[in-house]
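Presented below are the structures under discussion, each in the form of structure tokens.
Common to both upcoming complexes is chain A, partnered first by chain B, then by chain C.
Up next, the complex of A and B:
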């Protein structure tokens, strides 16, 4: 089966040009990798959870896939065909849809819901017998009353606006849905409704989806496969259940550990992850996670680990993946305990 | 303050336009609306309202003080001053509205293009706006009038040329602020054409401040027209203009001061009316910009 969309070693760099560089033109401006060689494939009908902290490049990846950012290296393939030129991306965008974080802000404020819902048909010149009827059937599909066609976005609640967003995204029956934090800013009960709605529509319309989020609890329930990003690089991919049961990369392990558990008696062992995510402008040498990694060794400081495929459809970028299933919690716990007193200012940085 | 307005906006049909009502309940703004409406009616129905022809010369009755026959008196050529003031409203409003409208449309289009278009185009346009803005208006007017000759058309051209850059910069700034907002990116993902994005999605969200600025510039333009006409550089002599009435009055200010008074009064009232109306509109269209005055 050909994947819906694949990225092969996709990089997005941007040059930070200082005024002096521009005026003097002495040296080529330093370049920074926002995304660094990200290879990812999304199969038809699959739900992929793309997880990472703020600044890990997950939104950039989503935007680059749809041609909103220019990739500096690597290749995107959509349904097996390479996507290079603007017309190629237009084809990709025709068959895909993206939902943004803020549900209200992604609706044009002076347009009525009816106009917003039928706009995709108008722009793509798709047949639509009756504007009103089309808008109303789309509203019904997402469980909103037909009277909403006359509303303006600011008259909608966050959950209602998100439903309109879903209806708009799925209006043209895309084969790929990219959802950037689909539940951000919604009440927990509404979050559940929205996720169920997306799941139902997915059954019906059979699209592949990529959910970009940092909400592990949510992604655990909705995604088939996980891809974890750190500083613009993929650190681990694998089936959701396997990754949660036995994370291979220490970063994944710490993310899962720092997830709050609804059990008042359970004490939180040390806060698993320490410090801030480093800046891409000062990418740590060697393995970029070693500055915060509880199990970092000499090798991690010196050499960048390569991306390795392991059994069970899993990949990891780590010199010392946490492999031993049974033993894992103890090893990790003691490692975290040891790392608590470690000083972080001895870390070496490289400026590019 | 804005929460009240938003609450009002989300209750359809119960009380329509609550902010408009609040605006009209302010006596200053209500008076301003009446003044402006009065000027528009006067200008539109000038031939029916004016008792005499504004250009009919009657030298025997020159420099008459106000009387039953000539409410505002007559000027140095015996023309009825009231009729000239009434027709002057026509000239003033016509020039102000046409030139502000032309400048507004040019400014809006160029501002949208500069804000949304490629960077190099933005650079060129901003440079153009800044160079035009750096020209002193009166000097520029003198230069253009020297080349093209005085007249209504020249006046409109000069005013439009000197005022569109500030409108364009306003629209450009608004457009820049919105061009990367989620809903515009969403439209780009739908491959909406640039005209569609500009006119359907950006324009309604950037035009509010422009309308306020335009309405507040109308009195400025009325003043400029009067000023240039006073200097003899505006509308040509037989056409009545408040500025030329003032000039005619200025030469005989000792013997017939009522000419300056009646020529100046409508200018003052029009300026005040439009300025207050502009402020009221600003409060109505953009509650965030309101400073001090309670709703």
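Up next, the complex of A and C:
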């Protein structure tokens, strides 16, 4: 099966120009990797959870996939075809949809809900026999009353604004939905509503989705596969339940342990992880996580680990993954795609 | 000063052009020195109004009934001068977004000195020493460098630590933390929770933690008040609330938290229906329209407060003592 979208070694760098550099026009400004060689594939109908702390580059990855940021290296393929030029990206955006973080801010305050919902058709110059009817059927799809076509965004509650966002994203029946923090700022009871709605519509319209979030408790229930990011690099990918049951990367394990438990009898006494995500401007040498890693060793400070594909469709980027502690990395093959289904495979994906 | 906080029959109404909004109704609450009190509820439940009332920061269009007694003082009856004297001395507030808590054009050090303005007895140098001690306590080691920083130079987690230090510098008897971890990542959230827990060991005042996040409440608090649509629907020991909840709303809220389920759920649980309008409240129980266990008296009569134990109280027609 061809994946809906793949990124191959996708990197985004940007130059940081200080005012003094610009005025003096001295040496070329230093470049920083916001995304560093991210390879991901999203299969049709799949839900991928992209997880990481703020500053991990997860939003940048989502935006770059749709051409909203420019990639400096690497390749994006959409339904098997490489995407390079602006017209290519227009095609991608025609078949995909993005829900941005702040639902109210992504709805123009001066347009009514009806106009907001039909805007995708106007932008794509698509025929719509009856504007109002289209808007009303979209509202019905997300469980809102037809009278909402006459409302302005400020008259909606947070949950209603999300529903309008979902309706607008799915108006053109995309094959890919990218939702950036779809439930941030929502109450738990409403969060479930929105996620159930997306799941139902997914059944009906059969699109693949990528949910960008830092909410682990939520993503475990809505995603089939997880990709964990740290400082612009993927550190672990794998089937959601497996990653939660036995995380391979120490960072994944610390993230899972950091989640507060809603049970006063199981209070955590110790901290799983200390400190903060470093700035990309000061990316640590070697493995970028060694500064906070509870099990870091000498090798971690010296050498950058490479991706390794393991059995069970999992990859990890760590010298000493948690289950295989002490085992030396074996260089077997350069394409991790082949390893799917094989057992005991440890494949060196790409040395950096 | 350490004193108990007693809120009795507190009601707050906001006068608006669209009618009177009854944001808080007949709230009773008690907090003893050394306790960490949790207030939990979803948006619109009145937790912010309650906190603002405790901090004496209600807007001019609010009218207050009932009493908030702090030691021998009634906070609701104070004039503006006394209120000011209390805020920033006895009562300190740590907000949700630490960025807006600081002035962007002053250094952290200058602001932390200003926060101690009520301490007329000590000089600037002593105030600086106090700051260095306090910053060390909240886990910031290079105090001198940080004091020279501007707020935008600190990360979110660091700013929240400084905000907590700022609050503690005033030696408050009442420390209110309003959604202290909502703006932070999980790893930083865990660290701030850890910090607050460490700090309470040597702090003798009352700490009130407001959050919509059940995990944070469970990790931090001794006693919990669950609020819905402006009322306290259930209160009790944290263990009773999380393991022996009696109010249907508390149970529904707990059941909604995806963190409780470790196996993947096909559908996430939700609470059907929506919050009643606070301008036209239902006659009976406020939760009746959404309640799964609603029976005859619920939509007609306001529910009684049933005491289940010394600490555990619930206002529900269905509750049996």
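Everything below uses one rule, namely that the second predicted complex is superposed on the first by the 316 of 352 C-alpha atoms of A that agree within 3 Å, B and C clash if a C-alpha of one lies under 4 Å from a C-alpha of the other, contacts with A are read in each partner's own complex, and residues count from 1 in each chain.
As a convention for this text, a residue touches a chain if its C-beta (ideal position, glycine included) is under 8 Å from a C-beta of that chain, and two chains touch if they have at least 3 such contacts.
For clarity, every value in this text was computed on a predicted model and none was experimentally measured.
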Overlay on chain A: chain C relative to chain B, clash or fit: fit
Partner chain in contact with A:191 - chain B first, chain C second, else both or neither: second
Chain B versus chain C as contact partner of A:81, first or second or both or neither: neither
First (chain B), second (chain C), both or neither touched by A:254: second
First (chain B), second (chain C), both or neither touched by A:132: neither
Residue contacts with chain A in the superposition, chain B compared against chain C: C
Which superposed partner A:220 touches (first chain B, second chain C, both, neither): second
Touched partner set for A:158, first chain B, second chain C, both or neither: second
A:54 touches, of chain B and chain C: first, second, both or neither? second
Touching partner for A:265 - first (chain B), second (chain C), both, neither: second
Shortest CA-CA distance in Å separating chain B from chain C in the superposed model: 6
Intersection of the chain A residues that touch chain B with those that touch chain C: none
Chain C - residues contacting chain A, complex: 42-43, 155-158, 185-191, 193-194, 212-219, 221, 238-239, 242-243, 252-254, 256-271, 274
Residues of chain A touching chain C in the complex: 53-54, 157-158, 187-193, 195-196, 199, 214, 216-218, 220-222, 240-241, 244, 254-255, 258-265, 267-268, 271-274, 276-277
Footprint of chain B on chain A - complex, ascending: 66, 68, 90, 93-94, 97-98, 100-102, 105-111, 119-120, 123-124, 154-155
Complex contacts: residues of chain B adjacent to chain A: 6, 9-10, 181-183, 185-193, 196, 200-201, 204-205
